[in-house]
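Two complexes come next, and they have one chain in common, subunit A, joined by subunit B in the first and subunit C in the second.
The block that comes next holds the complex of A and B.
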């Protein structure tokens, strides 16, 4: 008894160590540009992060920061052209996703990696029943009979808590609400037990009451399956609840990254602080991202120094001319600001 | 669904009534005394009086209309002036020829238009797309009569591959019938293929951009499944409607092509009737064409609903 506990603990320790050494997904220096954008301006610029097995990485940032483009590039779903991956690697289970053939990528999609989207109302094909759409994805990756696939689809509908699943199998998407459709999308995405789920603002388009249900559903399914997740969200409450690691993006760059505790307890980048609304002059926190004066600059208007400079209350000459590097402030906590850690430079400002 | 169809048919009825009034008015607008027109060369007062009585030409116009329309409803479209054959009989003998021609042309149009439309949508912006568009544009701008004459000169006169004209009923010699139909059907079909291609292309491009196509790809489906199943199924909805309407137009629009290839169809019937001032025939043909058009529109609407799960259930 004592022995087996000890063994399990030892195995856990080894397992944890292994996870730390080789994350499930490791993205390094990912840069993406769109044809026609000004030279040298990447919509995603030098982005690096990693996701460990079973863990959750949240990506936050305002609209237009490059979150979806990052996610789509990992799935191989970017429209190319106009998008182009101009640099970087994405190591998933020992293979670089970006050097796989289109066929190999398709074999992974909906299988080892899956994605759900922001728009449940339009993400299902209006011409086919939801049952057929789920079954299709199962049959694509598994050598099983149609009847078995149907059984599996039904099981997935039960797991995402769709009432009367047998009946719902034969329903068309338009007969369902947005929340139900998102559940269908989740059932479809998880049907082949992916190791990584990318959820791109899965609740933004839904009613507030439904949002919480969908998030807790995703959480529960993640606990059951042990999959890793990249969750893109606007909702800092959700981030605090589900994230292990957080990446804050601004104008295509990571401005801050770290563990959820580090980001919430000790935010270092003025943008992150602004999002949290912890600086009164930058607006109040409202559950979602607090509003910060101004907007994300377009590719044409991109400042040459710090990209946050036009909106930053702390900006000075140096910020106008030189882009700050992403610096590691303490182990595992990174920020891209000349004046981070802020306490050091402007004592007591936070 | 049945209720929807019934409703559509009910809506079609007033349209048909309006058309019948227009056709009747056409008769009223004809220059001169209609009795003289109807009587043709005949000038015998007794005959004229008989006709006047028969068509109630002394009654008020609305009464005349109802008398005429009740005849029409009984299938009596009058008698051809020139041939003494009932107009309905004439129409029924010519219509199958035109329908056969239209079906052939439609098959050719669909077989060319839809695949090229799909290919140029999928290869949007490439040389394949540009080439298809150039061909389609030429297809649209080359007049049918010119293409018809060109084909006759090359294929029939020079290479002697196909007969230039002369219709043979399929009951007589099916193979010869197909051979005579091939060129006119091609001439009619290519014109339609061009417009089908352009519509298929734009419908496919629109659909390929939609979120559910991204979902289909996110499932790992291979691109031919994404295109031929998920995208085409949705892009076809407007194409089905368009094809049905085009088919209706084909029935009426084959006039020139039928003239060139001397195919004794509906078009030729109209042209001959117009030249011969055979007004009863013209009237009958116009009425039939209009009704045919309305029916095709009806069919297009019904097919549109059938192809669209969202509408299929809510109606």
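The block that comes next holds the complex of A and C.
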């Protein structure tokens, strides 16, 4: 018994190591700029991360941190102009996504890569039945008959647990609730068995009981298909439930990255800590919330040193003048702060 | 969180609100938005109304301020009915009863300066004139953490959090006794949410306000409120002090709501029992217990007989035929997983440096 457990663990370790060596998607030094922004101020600045097959990477951050722009760039959906990729590569299965032609990107979208958005109503066409929309997506990428595509669409509706799928095939988006529409979007996104799913705030517009249904659905489908997922969210609760790896973004830069356990149990960056303190606990009340002062700086006001400096309680002259590097504190756990770990540099009597 | 003497400031008695089904041109479908809701809000407390979309919580909030007229029932403010007041008397009263809305982008007039927005109630109620009024506006701006210099700017020049502060300043301008916040923080980023929550709590303390918070976020409610009413399809299904509700939820819907919250800790990732299906339409609420179509404990009687809101000891009320059995069925209370040692240590460090940050710089800008 003991032996087999030990063997399994060893095999897992080797498996994990193999996956770490060859991730499905590897983004390196991605920088995106908006036309008209001050010189050198990128909305996404030197961002690198990777996601392995079957794993979930969560990108966390607040409005304006660059998380959605990053996702759109990976899908080839960046509105250009005003947004432009000014540097970096995204290696997906041996090819750089950013050097593909428009046509190649279109062939890939909804096929090897797929995306779901926050508000399903705006991503569905109100003039067509949901069945037609799913079938269209299948026929765009597969050489099969319409009848086969319809069968495939029905199967997808069953997989996302839509009640009475035959009837629902003929329904229009407005005839469905928000939760049902999000299920339709997921069915559509997964119809061609993508290797990578990007989900941008997929449950933010939903009620809490429906959110729980959708999260459990996404996790089950991921287990079944082994696809990789990038989930973009502002909700630390959702991150804790689904993430394997976490990237915390602030004002266009990664400020912390690591495994989900590292981020929640050993958070290093003052922004990550402040964010956790800002969320009310579900346990008994423990006094006032810890807050982060002020708001995210606009592009014009972006500090030249650490971008979190104006809001950071720990900041000093060094942070004003020099941007800290993203440093590896523990294997696989990175933070962009001169003073991490804080207890070492800021642990003295205040 | 102190014990409050039961001194009702605002009461709703058997409130009913239906929309539609009126005259020739009205929609023939009737929406049962609020159905036989009675509640009593005590002076000085923070009272929360929680529920999902379409449960009638916002309608109830508007009824309590008589922003819309109830179909039936009564609203009492400081012991007297406000339904019989004429428009002029009602306007007088509005000074004392204020509301903050969810969307700070939609609830401020884009053509008015911040000074005009905040100054309007002062002018309307004749509270101050001329330089005294200007001084009052500047004071209100400082109170909510903005600068007096912001007085001539327009709402679009501010971020979401700052706009919500403007909304709060406007609500405070008439020197109210009670403020209803209808999802006051749900449109804001997490770090800004925390700022506004702390601001509302500080103001409540400073001005002796009564707060009614309408929200869907249970963590916000647990943090802010003393007592909670849980609504489902237009009805109150459970009524409790906040700690008891979270420690021992009685109604199966409350239990489901608490189970569904994603807990911000990766330690216990076990699959949870989830509520199936969607909320039925309030145009055709289910017979009997309105929750029976989704309830994991439903039995035949639940489909036929409407459960009354019965007392469940110590000021608690619950509308469920089987709450006693369900309670013993071992529905787990919500437990917050403890912080790791490293997080606790750094959080304490963060908090103390954060306090110093406020002291060193302008103390009014929190």
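Throughout what follows, the second predicted complex is superposed on the first by the 316 of 350 C-alpha atoms of A that agree within 3 Å, B and C clash if a C-alpha of one lies under 4 Å from a C-alpha of the other, contacts with A are read in each partner's own complex, and residues count from 1 in each chain.
Please note the rule applied: a residue touches a chain if its C-beta (ideal position, glycine included) is under 8 Å from a C-beta of that chain, and two chains touch if they have at least 3 such contacts.
For clarity, every value in this text was computed on a predicted model and none was experimentally measured.
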item: Comparison of subunit B and subunit C by subunit A residues contacted; value: C
item: Subunit B versus subunit C as contact partner of A:276, first or second or both or neither; value: second
item: Subunit B versus subunit C as contact partner of A:235, first or second or both or neither; value: second
item: Subunit B versus subunit C as contact partner of A:185, first or second or both or neither; value: first
item: First (subunit B), second (subunit C), both or neither touched by A:164; value: neither
item: First (subunit B), second (subunit C), both or neither touched by A:39; value: neither
item: Which superposed partner A:313 touches (first subunit B, second subunit C, both, neither); value: second
item: Partner chain(s) touched by A:172 [first = subunit B, second = subunit C, both, neither]; value: first
item: Contact set on subunit B toward subunit A in their complex; value: 210-212, 214-223, 230, 233-234, 308-310, 313
item: Of subunit A, residues touching subunit C in the complex; value: 62-63, 177-180, 207-213, 215-216, 234-241, 243, 260-261, 264-268, 270, 273-285, 288-295, 313-314, 341-343, 346-347, 350
item: Complex contacts: residues of subunit C adjacent to subunit A; value: 1, 52-53, 159-162, 189-195, 197-198, 201, 216, 218-220, 222-224, 243, 246, 256-257, 259-266, 269, 271-272, 274-276, 278-279, 334-336, 340, 342-343, 345-347, 349-354, 356-358, 365-366
item: Residue numbers on subunit A that touch subunit B, as the complex places them; value: 75, 77, 102-103, 106-111, 114-115, 117, 119, 122-128, 136-137, 140-141, 172, 174-175, 185, 188-189
